[in-house]
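The same subunit A turns up in both complexes below, where it pairs with subunit B and then with subunit C.
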Partner chain A sequence: MLELDAEHVHNLSKRVKELSGDDVTHCIQCGKCSGGCTVAPDMEEIPSRIMRFIQLNMKERALTSSMVWTCSSCLTCTARCPEGIDIAKVMNVLRMMCLAEGYTPKEKHIHVFNRLFIDMIKKYGRVYELGLMVQNNMMAMTPFRDIGLLPAILKKRKIGLLPHKVKALGEVKELFKKGQTFYKRMKVEGWK
Partner chain B sequence: MEIGYYPGCSLESASREFDISLRAICGMMNITLVEVPDWICCGTSPTHAVSQELSHLLPYKNIQKAEMHGIKELLIPCPSCLYSISHTEAACVTDANVRQRLSEVTGYTYEGGLKIYHLLDFLRDRVTLGGLKAMVKKPLEGLKIASYYGCLTRFFPAAADDMEQPSLLEQIIEALGGQPVEWTCKVDCCGASLSITRPDITKRLLGEILQSATRASADCIAVVCPLCQSNLDIRQKGLTSPSGAPYAIPVIYLTQLIGIALGARSGALGMEKLMIDAMPLLRAKGLL
Partner chain C sequence: MTESSHHENIELLTYSEVIDVKGFVGNFDVTIRMRPRSVDMSRCTGCGDCLTKCPAKVPSEADQGLGTRRAIYKPFSNAVPNVPVIDRDHCIYFTKGKCQICQKVCKAGAINYEQEETIRTEKFGAIIVATGFSLFDISKYGEYGGGRYKDVITGLQLERMIDPNGPTGGRLVRPSDGKPAKSVVFVQCVGSRDEVKGMAYCSKVCCMYTAKQAILLKDHFPETQSYVFYIDIRATGKNYEEFILRAQREYGVVYLRGRVSKIHDPGDKLEVYGADTLAGESVKINADLVVLASAMVPNPDARDLARMLNIPYDSYGFYSEIHPKLQPVESITRGMFIAGACTFPKDIPDSVMMGSAAAAKVCTLFAADELTVEPKLAEVAVDKCVGCFNCVDVCPYDAIQKDTVSGRNVARVIQTLCQGCGNCASTCRSGALDVKGFTDKAIYAQISAPFEADEEEENAYAGA
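Right after this comes the complex of A and B.
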């Protein structure tokens, strides 16, 4: 049962505002974000409903939704919101909150891909696409996904076999060390 | 003319033909690209999803590297990189807290003043449409082109005339002598990295885009984003129209189309790297 009380009803929207600068209480539930959403047709939720969860302090529903992770950050919702809410940015904030509060991301594949991507930057300073694809396939336990594309891609020399490493890698590592991030608190559980 | 250049990870890997063709046309237009020395990844959407601070730090480091190399104007062809870097640049100018924190961590203070260009903005504002037209040697006559902006380009001045129905890419195609078609998907999202994590969603999106281009009788799709190009080109094989016919629509970078119109050899534009071969189409139109 959803219980609302005057003292706590704004807890979630306040936290979202602190992190994103966007006031979700302004959402008028017009649904333009949902109508234009790239991924909504494949999801059980729609962005306007996520905004409503925030307004009603329904933290678990908001933070454990797949929608938060599948959002492609195309910013169509942000472009169309009549209240000027950067909805895509709110989705990013919900991802961070989901991890920080210890919830399991509903779309593990996406979370793991993000993590591998960032690890790649930390390791090389740039993204090593071939390595990223291979590692991601291993983590997702789909080792042969896209393997059919590989011969043509390699023949056309579209991707390099070896990573490009930046020279000043120490500086990159320094950024990761000094930057205060949610990243440190991120836990990745194994695949089940 | 000299301009700073931030290629980004895609342009030195899966989208090398974007880099190759950009360098080729800049050479033909007497534009010197000054690459940001030892640039690092901008962080793009994965960092925006896990850490606000990291999502600013990586672009900031690149702004630092550009400025310390004397770069005052920066061309960023990849819309994702452009979004990250211009987002941080704007935050430094408007938000004193962000500026202070970034300068604390990096030991470098950005004072503002770096002019950042999207490829389309650069073509309109610096090369100019008239200037481009004057350089055309082989007009793209009879080539019906679906201009695909993708989702992010509309956020830059390039498409600011109308976020839902921008027209600059069409204007550039017309300047090259090509024929832009009216179609419905020009600012739709290709699904970006969902092609790896949720291929089911990307498949639907790509199907919609390809169907719309086909309905508009487009010969090819012109793109300005490495993610749009990779998804539509590499993952087109196996996709079919509602009637079951396989799609085979070349997805060509705008820089490659410009190169052809300026009379460059196809080898100098990385045309052979496209998965859906564009050569038969270009030959049939007498452009090669």
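Right after this comes the complex of A and C.
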């Protein structure tokens, strides 16, 4: 049972607004985001319900939902929202909050993939596909998954054997530095 | 109100009651009972001395029982006319024979205990019925405390509470202990949209006044948090939707989509149990004050009045118009108009519109030198009428009168009252009454036409 009290009822929506700039209290629960969501049909919670969790300060439910991690950031919801809420961005913020607050991500594999992807960007400034595939398979304990596809992919030159770096790697690093400070501040500041 | 009381063409009859209406459009004979006010209206200056000196205190009707009034009182502070009235059921002089304090303090000598009820009958051309509505009795909802919990109040009571001249002087308090209320829960649709305990219809105004009250509370008492339990928000007027959104966004009113299931009173704060179906979660709120948006219902005496005025009413007791879309202010009786919430729950703009429409209809009626009537009227063939007057009994519009033609008693139809329903025509034993264009002869001819044998057709069958 959800117990609402006057002091805290707006906490989560305020926090999300601080972090994303989007006011989720504007959500009128029309469900247009959920109707167009590419992953919602396979989820327990739909995007509009996540927005409702934020409106009613249901932190636990919002941060531990698998929807938050499964969201593929296709931005269909953002493009269609009649209230102009950037829902995909809000989902992103929820992912950050989930990690900063020490919750276990509901979808571990997706979290691991995200982690590896980001690390790769940090290292090369772009994706090293083969490395990402191998590392992801290792982390997921399925080392030989999709291995049969490799010769064909290599033959068609879809991916390279060796990693490539972007020229302006310094600028990419700079971006990451900014992100880190934001994330650290998020952890330190805290909120109720 | 004040303006109309000064208008030269308007006579305001307060503390009076219509007890009988006879006649028809342009010729209504209205009998009015003027109840004894016990205060001489021509002498009273409206100083209000008596109102403060009267020792008898009674729960105030205007303040919805939250405050008290005296036995000599004005219904509310801005009442027109500015003359008090003595409530004889509670006045100490009238119940026990002693007191007369008001008479002693009245400098104008306006108090008159001997005033008696007067009855007057006057002629009127048209009548507009705008008798308003009552509120649904919340005691039917046992799960909300049924009126036993002092901190569970109606929207109208809250309205009185936040009035600076109201019973609490504009302070938002818990009626049980007078402490300030911080957490306020509004419950919509109490009696509305409930086919088991209440009314099937939507009362229309509650969504908006609840939002208004929630905004006012946040404005006047910033530390309050309001929650609104609703089934649907019905905000279909000019700027209404925006108003609701403002309550949610600017004033932080929390809207929860669901009906409150139970209110429990463990002693200190009320526990409100409901649900938010949008989050799919049951909800519990500790509240200082719960405000029920009770349904708009017809007045308890609406049916009696309707029968006296010959106005049809629906199963709830709301007055029926001739046509809900095209003739919304006209009753079936010519010259009798209906306006406002006595026809159905409606808000102020709608009531104003309807009142203006009814007034304009009366002006149109009076401006014409002649009345146009529908040709579909009952007609008496005087030579056939035997004077049994069965028709008089069956006419729902009192449109048939007894008349004498060359010494014989015959029926006469008052054309302005007749609506052409045909009750009299089917009742008339001697066949003297017919509705024009629908004579018995014509109807018989129409019915028998399809059954008349077609000669050619019959021959064809015979040949086959």
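Keep in mind that, in the parts below, the second predicted complex is superposed on the first by the 165 of 192 C-alpha atoms of A that agree within 3 Å, B and C clash if a C-alpha of one lies under 4 Å from a C-alpha of the other, contacts with A are read in each partner's own complex, and residues count from 1 in each chain.
Methods note: contacts are C-beta pairs under 8 Å (C-beta built on N, C-alpha and C of every residue); 3 or more make two chains touch, one makes a residue touch a chain.
Every value quoted in this text rests on a predicted model; they were computed, and no experiment measured them.
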item: First, second, both or neither for A:Ser34, with subunit B first and subunit C second; value: neither
item: Touched partner set for A:Thr25, first subunit B, second subunit C, both or neither; value: second
item: Subunit B versus subunit C as contact partner of A:Leu75, first or second or both or neither; value: first
item: Partner chain(s) touched by A:Arg52 [first = subunit B, second = subunit C, both, neither]; value: second
item: Touched partner set for A:Glu129, first subunit B, second subunit C, both or neither; value: first
item: Partner chain in contact with A:Ser65 - subunit B first, subunit C second, else both or neither; value: neither
item: When both partners are placed on the shared chain, which of subunit B and subunit C touches more of subunit A; value: B
item: Subunit C partner contacts - residues on subunit A that touch it in the complex; value: 1-6, 9-10, 23, 25-26, 28-29, 48-49, 52-53, 55-56, 58, 61
item: Contact set on subunit C toward subunit A in their complex; value: 182-183, 224-225, 227, 245, 248-249, 252, 254, 256-257, 276, 278-286
item: Subunit B - residues contacting subunit A, complex; value: 9-10, 12-16, 38-41, 43-54, 57-58, 61, 105-106, 151-152, 154-155, 163-164, 187-189, 191-194, 196-201, 204-205, 234-235, 272-273, 275
item: In the complex, subunit A residues that touch subunit B; value: 19, 38-39, 41-42, 70, 72-76, 79, 92, 95-96, 99, 107, 109-110, 113-115, 117-118, 120-121, 125-127, 129, 133, 136, 140, 145-146, 149, 152-153, 156-160, 164, 166-168, 171-172, 175-176, 178-183, 186
